[in-house]
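Chains: A, B, C and D, in written order; residue numbering restarts at 1 for each.
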Amino acid sequence: MSSWTLEEVGTHNSASSCWVIIQNRVYDVTEFLNEHPGGASIILRYAGRDATPAYEPIHPTDALDKNLHPSKHLGPLSTSAALLATQAQQQTQKTKDELRVEAARKQRPPLSRLISLADMETVARNVLSHKAVSYYSSSADDSISYNENARAFSRFFFHARVMRPVSQCDPSTTILGYKSSIPVFICGAALAKLGHPQGEANLTRGAYQTSIIQMVSSNASLSYSEIMATAAPSQPLFFQLYKNKNDAIAEQRIREVERLGYKAIWLTVDAIVPGNRERDIRSPWDLEEMETGKKEVHVDVADGELDGGDSGFGTAGALIAHDDRDMTWEKTIPWLRSITKLPIVIKGIESVEDAILAADAGVDGILISNHGGRQLDYAFPPLEILHRLRQQRPDVFNKLEVYIDGGIRRGTDVVKALCLGATAVGLGRPFLYAQSAYGVPGVVKIVQILEREIVTAMRLLGAASVQDLKPEMVERIDWQPIVRPKL
Amino acid sequence: MSSWTLEEVGTHNSASSCWVIIQNRVYDVTEFLNEHPGGASIILRYAGRDATPAYEPIHPTDALDKNLHPSKHLGPLSTSAALLATQAQQQTQKTKDELRVEAARKQRPPLSRLISLADMETVARNVLSHKAVSYYSSSADDSISYNENARAFSRFFFHARVMRPVSQCDPSTTILGYKSSIPVFICGAALAKLGHPQGEANLTRGAYQTSIIQMVSSNASLSYSEIMATAAPSQPLFFQLYKNKNDAIAEQRIREVERLGYKAIWLTVDAIVPGNRERDIRSPWDLEEMETGKKEVHVDVADGELDGGDSGFGTAGALIAHDDRDMTWEKTIPWLRSITKLPIVIKGIESVEDAILAADAGVDGILISNHGGRQLDYAFPPLEILHRLRQQRPDVFNKLEVYIDGGIRRGTDVVKALCLGATAVGLGRPFLYAQSAYGVPGVVKIVQILEREIVTAMRLLGAASVQDLKPEMVERIDWQPIVRPKL
Amino acid sequence: MSSWTLEEVGTHNSASSCWVIIQNRVYDVTEFLNEHPGGASIILRYAGRDATPAYEPIHPTDALDKNLHPSKHLGPLSTSAALLATQAQQQTQKTKDELRVEAARKQRPPLSRLISLADMETVARNVLSHKAVSYYSSSADDSISYNENARAFSRFFFHARVMRPVSQCDPSTTILGYKSSIPVFICGAALAKLGHPQGEANLTRGAYQTSIIQMVSSNASLSYSEIMATAAPSQPLFFQLYKNKNDAIAEQRIREVERLGYKAIWLTVDAIVPGNRERDIRSPWDLEEMETGKKEVHVDVADGELDGGDSGFGTAGALIAHDDRDMTWEKTIPWLRSITKLPIVIKGIESVEDAILAADAGVDGILISNHGGRQLDYAFPPLEILHRLRQQRPDVFNKLEVYIDGGIRRGTDVVKALCLGATAVGLGRPFLYAQSAYGVPGVVKIVQILEREIVTAMRLLGAASVQDLKPEMVERIDWQPIVRPKL
Amino acid sequence: MSSWTLEEVGTHNSASSCWVIIQNRVYDVTEFLNEHPGGASIILRYAGRDATPAYEPIHPTDALDKNLHPSKHLGPLSTSAALLATQAQQQTQKTKDELRVEAARKQRPPLSRLISLADMETVARNVLSHKAVSYYSSSADDSISYNENARAFSRFFFHARVMRPVSQCDPSTTILGYKSSIPVFICGAALAKLGHPQGEANLTRGAYQTSIIQMVSSNASLSYSEIMATAAPSQPLFFQLYKNKNDAIAEQRIREVERLGYKAIWLTVDAIVPGNRERDIRSPWDLEEMETGKKEVHVDVADGELDGGDSGFGTAGALIAHDDRDMTWEKTIPWLRSITKLPIVIKGIESVEDAILAADAGVDGILISNHGGRQLDYAFPPLEILHRLRQQRPDVFNKLEVYIDGGIRRGTDVVKALCLGATAVGLGRPFLYAQSAYGVPGVVKIVQILEREIVTAMRLLGAASVQDLKPEMVERIDWQPIVRPKL
């Protein structure tokens, strides 16, 4: 296999013959254009050119091997071409957003000055690229689910008990049999490389250092094997499965992660179609406006000539384009059980009814979740579902482990969920923000803050262990507190 | 019939002899002054002069034929007079508001950048004249009904179901037997020409292109025949009837629309007197202030000399001055049935009690509505009435079709109403805004956005068709979310 | 009796001998100092000087005759002294607040531009002196009662009925047997002269022109006879009695108003001690700051030397210093009945329990009121008390007439109260604001606005007379609308 | 014992030999470093130097005698050294915050212009050092408990009774048998010297002048004996006990205060570990930023080199480092009863369940409190607990006295608590603010304001004594008023 010059690649710059350069290697993606989950147009922007800067932050390293036939891997650039490509990249003028991020990273406060998860989010929102913050923070429609997920916690107050021995206080628990230093796990969240070059590996290392468990997304920006390679020998990792509509492809993915040593399958059921994440959709237009200093205005033509092009579904749409939209309890769970002996958790239960069906289906756990408010707006807040499940069907908690995620930002939030019967809670965005802002130490800091807050809350509640947290310690109040994050 | 000079017309410039020029034709309106629904004074401002610019945007073309005896149609201006009149119009200096609108229309973003109905409203509010935006957006008293219509939707959350096959998802339905691509229709809304020269015809064409149904207002600014002439051969149109207090005149109107091919009569019962729409009333004063740059101040006279003139009822008052304020179930429905075989829908039901009476009266449908919050302030939100009706009298839904309007701005809003038993929902202002801002393509865009949002919500709820939407999928919550339209 | 020079009066300038000039007459108030309800210090500021400007706006003309022994009426100033006094008054430099008011009065909009009571309040707040606006608008403590009185109305929504004949709609009613054009009366409110030189006479004339009834306060700034002299021959006036703790003095007052022709006694029971009206208390300090341009600062002394002077109770405290704080149902009502045959209404009922006791005591009416939120903060909103009374004891409405006041600003407010059983409602501040801003025409305008709003609401509710307004037409909702007065 | 020079002391400037100067005396604290509740690092900042300015405002005068072995009291500075030390202190440049405070104290308004507790807090927040205001005002996490403590009062409205004799109105009561002029006591609050040089003595003197009772904190900045020495001969003082985990040390403290004449022991059970008071924690960083004019920024290093130092627990953490975290009803109450015959009150009950256990344990009173919102965020508001206790277990009120604290700022707040069964209420921060701003007269002023407000509320409620305040006079409403402290 010979090597290529930039000129040679440059002639394949159209839909009829489309080559791209990624990390100094040349690929023929002509036939792949229509299979690309993110659509053909995004690839065609780089036809005949170097696509590395756009490709790298959102694709794991094995994406090309998995998705593009070996015959289309055309081989390396010539040495001189590679040199030119690198120079071209270096000479590319930085965008205003890149310059903003560079300056902001130099202004990060020392970690010791961060004393809450809100502090961490503030730093991260400053140092993240506009594209990353838009993807991480965006939520469906009018952000009602996103906001109400968090606000639900403010409607549960404590009946604290005094005069109980709490000098020794242990916040640890087990999740699917695996030990966790606090009842918190890292929820599957995609595209960590958007925020930090090491991406999901920061989470893996931070989880190990603090003895908590990471759930790895199907849409991670590192390959499943890279992440596992980062883990310590005995460190447990869970796998968040987005099931392909092709059962054979889905099975292949499960076999791979089982072989790699992942300890459980968390089947995602609340994101079978993309949510309407307006902030993410608008992100490229914002950047354009930021760069040019003005909104793109419409040329004054007659109404009939107006363009009516579609606006797409943002980053989220591309990731799940091939996912299975026809899963059922009757078909999918038995199929999954037939493929793997790993514990199965259903991620994305949004009603008491489905929690009961999950228990009937014999799965090992359910994660009550509305996908962080990113899918269906006005989905019920997970804490409210947990509360109803506790009141209406306490027996379900004996049949499987129950987790919740969405809106958890304080130790008291964690403790409330545990009082109502949750085994543990998941956090997604806070860990993405932390690794983006400070890498591994950021992840460790988040766990330290949560542990301090959880232990403080448990002691002041009169609880020396997670077993001491009881439903009668929380009451759902009938008024709505005014929540102002900071004074 | 000879032609007239401007001088000849100009001598008839008082209440004792009042002629006006409209589209280069001369009319003697002396005797009509007291019959004019908008009052004599507005006509007298143009006595002896060209009234076209004020007349045209709010009157259908057949208004003069229908309301002014042929003997008062005095004939055309002379050619030279018509030329002078046209020149005079062109030389009239544009008002500040007209200049503002002109500039704003050149700044409209391309339609592909609009991803929500809120985006469309934002554009429209910029490009509409002050008079138009005041008339379209105004609501009664303190806008409580207007705001609470929308806020009611935010109190209904979903219990979404997962693990249901939804790759195939069909949002279509039928309304009074007519097919509609989504469970949404265009609600009767008056004076579309205030926003766009083609007026209601934009709605007709947009409805056809997207396979939804338009309801045409009695107070449309195009004539009923013009609108029907715009429609495609098989395109169904509904007619919103404001019943004249003179039964004979009312019958004549019904006969006309039946003959023209309208498919149903929607009898309006919630607007028998004008609501107190303060924004509309204040509109001319605002314009005066905008033009002169200062508020009109009072000359400092003794209290006793203060003027006490009435402030009128704005645009709305004029439109319904001759409507029937004494309709009853016993008298009006049988009379209407005796006139027409078309389906009858009662538009403006505001209580469970009247929904039951409507079912007893044997009509074909009811539109639960408080007229978009434009009539009685503190009228119950339609969604709340629908919810009560579902709970208290589910049998009513078997006797007639139930629709609601008011405050619907998202696909989730539509889906909530359908879960509670509505057959379809009406939208008024969003379509007026869309046709004002972009003409037909704007109308099409609104339907595209709604369809995308409805299908997304249905799939994430686990519903593959409108029949799958059930009351148990929504719950009325006991807290009030904070709704911020945009992030 | 000789006449006095300014020098002669000027020597009596201390507490041991204190003379004052009022309208060019000289009075010895030395012995009266300690009896003055407003305290001695306010009089001593004018010892030996002309007190007219401070005295006139808050005292009726007969105050000196009623309260100061004839022997202390020392006679007129000499002609030249009177001239000097007048000149002195004219040369007094106007305060910044007086100049502000003068300018504001010239900027009043014409009455035809006022379309709501909120508009009137806006104008009035601009043209009133700081002292007047502070007295009129102030309310107790943190203004919770004041604000919640109004907000209570926003929690009652209508179940409007359609298809009812309402072309004829009559909003009139009777109050204690006296005809009123709308179910609204002018509530007793003190010190109208603070806002307008004609004071309460504006209200009397406006009430006559619009056929509504005025209740005259014991603390009116015109004498009861002056007000009655202003009334038309057959015009009914009610009297709001603040009962003196000395029964003989109280009886004398009742005999006087009965003789003058007042038609009913409204005994005030919710203002036996002054409320904590902070805005009123702070008013003189605000004026001082406005005049000097800076807050009075404390000279930096040791803590122990700090002054600890009392802050007084503002204007309100002075007015009721001698009132009876020991009234009881057993003692006071029979005593009152023994004095007068006039109808008796208890003004200031704040609980269902006392409404029942009032019915048992056989009075003719009750005004459910917390004194416009000026007395006890966190007193229940009158509309809520009315609602409870309707639900718990509907029989009470058969025994006496029930009125409410507090927070009524819209026709819909009036109609809600009538649906729940009120015979009529009282408004205080809106009438004070109206007469302050525009004199009699302002008062008339308020009634016109209310009548238009009431009739519109009745028609849209399906009610042709006040008898058609029923409890089932309103529902107390379980959410709290966001009330923004204007768009 | 000889005297020391500054040079001699200066050589002991490290952890291996650490001497400090306090009020011109020299102490060897080398061995004490690890015992210091506030940690070693804060002492080491002053190693070999004069620590008086930092030491004095937060330590009682007997702290060294009680905590440092006599052999470590090394004796006085030499006369010349003491002179130099004093000069050094005087020459130290004032910080920006000190200069701000100095200026603000000169601008205090005269006390007569303060008419509410909110006014007092406004002045105090201006004149307090940043460190003091941070410590006094800080509360746990997101200040939900702090804010909701106060907001709970706004959900209880009055059913006021009229026609009851109240000219004589007595607000006095007894607390544990001791007379109090109003049903209010000064709650234990630490570190009064942070706000004023006389510290807790201001409270003692103010309490005496107004005949109310002061509860003295274990963490007072004056010694228990100094405070008692300030008291008048018959003046009762209560003692707030923070129990040391070493029973012997705890017993020693109880014996001391009993001997000094304190009248009751209030055992604190809601502050066994420090709350997360973020404002207090951030205070030194704020000061640093204030002084340098910029936020400390992070040097741009790789993520791995980021510091991960702990942020500490602020002032609060230090004070209770040695407290008992293993108290129980079974063990601690009998032990306490065995030590002392004084009445025992449990301070910090946060649930109905524990109120019942306290009654069973036979204590004399309970203070329902969540420590002013400084400990567990989302602890129930005390007024809500009181309300539930009244409804669920009215018998508890017969077994012991019940008090509440937290959020009380108005006379109406006090009256509501008494209606629901409280014997008296405690206020902490308002008294700290008052003594900080004005010393003793400030404390007296607070009581005067409260007395005026309480008596006004009682009279307007129809209550002539605290016995007349009944549960049926308040109702918990189902809406949430909007509370704006000032107009």
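Basically, a residue touches a chain if its C-beta (ideal position, glycine included) is under 8 Å from a C-beta of that chain, and two chains touch if they have at least 3 such contacts.
Since we're looking at a predicted model, the values are computed, not measured.
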- Task: Would you mind naming the chains that touch subunit A and likewise touch subunit B?
- Result: none
- Query: Residue numbers at the subunit A-subunit D interface: does the shared fraction exceed half, giving same, or fall under half, giving different?
  - Reply: different
- Message: Rounded to a whole Å, what is the gap between the Cα centroids of subunit B and subunit D?
- Response: 64
- Message: Can you work out the whole-Å distance between the CA centroids of subunit B and subunit C?
- Response: 45
- Which parts of subunit C, given as residue numbers and ranges, touch two or more other chains? 478, 480
- Message: Show me, using the given definition of touch, all chain pairs that touch one another.
- Response: A-B, A-D, B-C, C-D
- Contacts from subunit C onto subunit D in the complex sit at residues 138-139, 141-144, 147-148, 151, 155, 245, 269-270, 272-276, 278-279, 281-282, 285, 295-298, 300, 303-304, 306-311, 325-329, 332, 346, 348-354, 357, 370, 375-380, 478, 480
- Can you list the subunit D residues touching subunit C in their complex? 105-116, 154, 156-167, 410, 412, 416, 438-442, 444-445, 448, 452-453, 456-457, 459-461, 475, 478-487
